[in-house]
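Notes follow the structure.
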Amino acid sequence: MISEKKPGKICRYGMAIDIDKCTGCGACVIACAVENNVPPGNEGATDLTGITWLRVFKVDNGEEYPARQAVYFPMMCQQCGVETPCYLVCPQQAVDVDPATGVVGQMPERCLGCRYCMAACPYHSRYFNWWDPKWPAGMEKTLNPDVAPRMRGVVEKCNYCHGRWHAARQRAAEAGLRDIIPGDYAPACVEACPAGAIQFGDLNDPSSAPAKAAKDPESFRLLVKLGTEPKVYYHSKREWARRIGDPSQAPAPKEPARG
Amino acid sequence: MDKRFIPAGVSRCSTGRFLLWLAPWAAMLLFGLYCAGLCLVKGLNQTHMNNRFAFGLWIFLDLTVIALGAGAFFTGFLLYILKRKELRAVINSAVAMGLMCYGGAMAVLGVDVGQPLRAWFTFWYPNVHSMLTEVTFCISCYLTVLLIEYVPIVLKNRKLRQVPSFLVFEHELHKLVYVFAGVGTFLSFFHQGSLGGLYGVLRGRPFAFREELGIWPSTFFLFILSAAAVGPSFILLTTWLVEKIARKRLVRPQVLQSLGRISGLLLAAYVLLKTVDTLIWLGRTTPRSGFLPAQYYAWRPFGVWILFAEIALFLVPMVILLLPKLRARAGWLVSAAAMACCGVAVNRFVLTIQTLALPTLSFDRFLQYLPSWQETGTFLAVLASAVLVYSISFRYFELFPEEGDLRRELLRAPVTEPALAGK
Amino acid sequence: MLPWNYGLHWSIGTAVFLGAFYTVLVIVVTTVISAAVRSRRVLRDGDADAVRWNSDFYALPARDRACRHELTGEVAQRECPNGFDCRKCDTHRMFLDRRTASTPGGKSYEGFGMTFPLDRLYHRGHTWVRRERNGTVTIGLDDFARHLVGRPDALDLPRKGERLRLNDTAWRMRKRNIDLRVVSPIAGIVLETDGPDGEWYLRVRPEQPDLRHLLEGFEVQPWVAREMERIQAALSAWGQAPEPGNNGQPDIAAVGADCPTACWEAVCGAMFLRP
């Protein structure tokens, strides 16, 4: 809908995340929150009621010392490409899959807050505003003027920093180009990662990192058998880590991961 | 004091006693409204729902209450379309109960969503892929139909019917009641099914996901069948309960046994189809999603016992209700009806709460959730308002048309003991 | 929802879905409106009383709606399907043909301390109709009703020239602060009115001479017996019982004085077919 009638190159933006490189520093999480005006946690918020469009999990291989190994696992909206669960279930079409970019967009102004999309998402990448967003005095100066904050009672999620995409298109238009200048558009988390673990690109472009990761046998995606075609490719040299994406290989119930 | 409003031919307790009965429920309603008010004013952080447990007590109870309220449409269908005349004795009560159930569910949904004032967006931008759109449309229409079916019951009040326009309007509406019964059946078919479809389409939750028959997942049809099976049981249960509380005979025992038999037959169909569906789900659908059936029941407290409990709570009442000798005895009949109602509650619970509790990602954890007092209070408001409206309807409207006849018979021949006074 | 909503994706699914929704909406709204329109027409045509009689008739318990032929024993059990209007009834015609030409009656029936002259026909609402020589009829209250009500405190009779319809309200009486409506046994124009002091209440020119729907001759006795049963049942529903009178039979006149107002109202409602 957003770009139904606009001509141009059809992109399918995705990510390639190397979990061997991720140090778990959380800079991506902060950058995301700053870029997208994610409100700080209200009083009484827990890790299950706070909003983190991007979240880093620590996952280990279940072994005891000295065989114990762990990886840090950044997770955001996987931008499901086929049978997008949240898009199909929203009763008032507040979720939109942009055909020009493949990004699954959320319209908080239309969201009723029924949370059906949250139940539908297998990756738990949708977050609900359980409180009215409040920024401490003085902190409102840090708000990003290009991104609208959301209100209480609606759902929000990662949209690959759509404000930046719009800004990149603006710059391309000013330069007289039809398509975005390559490399001009990248989400905040990609920019912020000091280890360069998160890479961004167009899956339709064979030279981009995600497109290469798609073909790499050491890459994997989460819950592939569900058929949602997520566009985030994780890479690890460690075999046990590559099994993270396969739920049937999950270890027996025990100490859960900390997010 | 209010004797002029009480229907002719029946006796009701004194006004004082009635007010005494209403008082605790009114208090509960006020408390519940306060809880709902807290949730509306302060936000949904008043509940214990969170980003992983997006649905909680309210959705579970909504689904259960709508399944139980299916008795309204099904009794209407049986009476006005299939012409089962004996159900005339309970249709008014069924409509009142249905109105309570659906009205309560809609009220709770108004509190459950983050932005209730945007509820009309679903009508303005309907997403036909979404089951929730279907649910919203159908339930809104059906609530309207139930209100229209309830109006004649109100207008037939002894004092109100003396107004000529009320009397005539009621008469004309009643002539067309089969239209509403038909529309109600059509709408109920779809919304009961869509409520099942809500979970059956969740590709991301293999515990709930089911394969499709046509354009709908199998849970669509199973929910319709379970609602139709349990509706008559719920009418049976509530009628018996009202008889006990009011200490009056309200219906002939044959009516309740007829309801029980219908319930039993539908339960049989349901148990058969559910077993087939469960086997397909565990044997084929789940592995295709990349999960293992054992993973569903690996977490305490939801072990395999819950699967068997769900089927047993349908199987046992089915057996009881299909055996005429057991059906004839009040104790067995009512216990079976209660079990069937519990069975449907467990079924809805499993599909809402257990679905969300189970992990999807391999490093996810099993989640626990207990409702907060504000959530519980809100639902108590629904219960209290249902009891209040039903009590008032029972006192002033003719919810049980046969009550007068039964009372006259009892007075004529006092040696006949009421059949439902116990085992 | 509407075709011009921006951003609404139209597809076969949307068309089917919204089509079904609008169809249902139209059906429901049309039905309610048609009920309202018909109601207005009924009220405008003055047919409200016929609807009320229908409603009152079916509010009576099944036993009280017994067919006159059940009362006489001609049939084991039958509920009247016509609101006591036997002129429309094929079954009644069949029974009339079956009856022998002469039906014994006598001059009057006496029972339970009351007298029912048989020169007149009786309506089940306790009024009688007597054909007069000049083609008019007179209408009065029978002994049962007179005993029950006694002398009314106030009377609301129809005006001369007013039109009565069968089973509408003929006149109203007020007793013990309760409004009693008497069901009209025939349709016609009111010519003269009298009152409880005279023999009759109304003199009416009937619209049609057919009085087959009224009870006659040998039917009166079983009917009165059933009415005694009915009044005792109505009283016992309130925990009351009529006192035995001088002749050992239950004394109906005492009912009016003894039982509480609400009970009396209910009993009169039942006996006058206006519950």
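Letters are used for the chains, namely A, B and C, taken in the order the chains are written, and counting of residues starts over at 1 for each.
Basically, a contact is a pair of C-beta atoms (placed from the backbone, for glycine too) under 8 Å apart; a residue touches a chain by one contact, two chains touch by 3 or more.
None of the values given here were measured: they were computed from a predicted structure.
When each chain is reduced to the average of its Cα atoms, A sits farthest from subunit C. When each chain is reduced to the mean of its CA atoms, the one lying nearest the mean of all protein CA atoms is B.
By number of C-beta pairs in contact, A-B leads over the other of A-B and B-C.
We define each chain's centre as the mean of its Cα atoms; on that basis subunit A and subunit C are separated by 77 Å. Centroids built from CA atoms put subunit C at 41 Å from subunit B.
Taken residue by residue, subunit A touches two or more other chains at 93, whereas all remaining positions touch fewer. Looking at subunit B, residues 124-126, 129, 133 sit in touch with two or more other chains.
Counting partners per residue, subunit C has 7-8 as the residues that reach two or more other chains.
Contacts from subunit A toward subunit B in the complex involve residues 42, 44-46, 48-49, 57, 59, 73, 83, 85, 88-94, 110-116, 118-124, 126-132, 151-155, 222-228, 243-253, 256-257.
Within the complex, the subunit C residues that touch subunit B are 1, 5, 7-8, 11, 13-14, 16-18, 21, 24-25, 27-28, 31-32, 34-36, 38-39, 42-43, 48, 51-52, 54-55, 59, 61-63, 233, 236-237, 262, 266, 269, 275.
Note for the complex: subunit B touches subunit A at residues 43-45, 49-55, 112-115, 118-119, 121-122, 124-127, 129-133, 136, 198, 201-206, 287-292, 295, 298-299, 355-356, 359-367.
Residues 3, 8-9, 123-126, 128-129, 133-134, 137, 141, 144-145, 148, 156, 161, 164-165, 167-173, 175-176, 179-180, 183, 186-187, 404-405, 407-408, 411-412 of subunit B touch subunit C in their complex.
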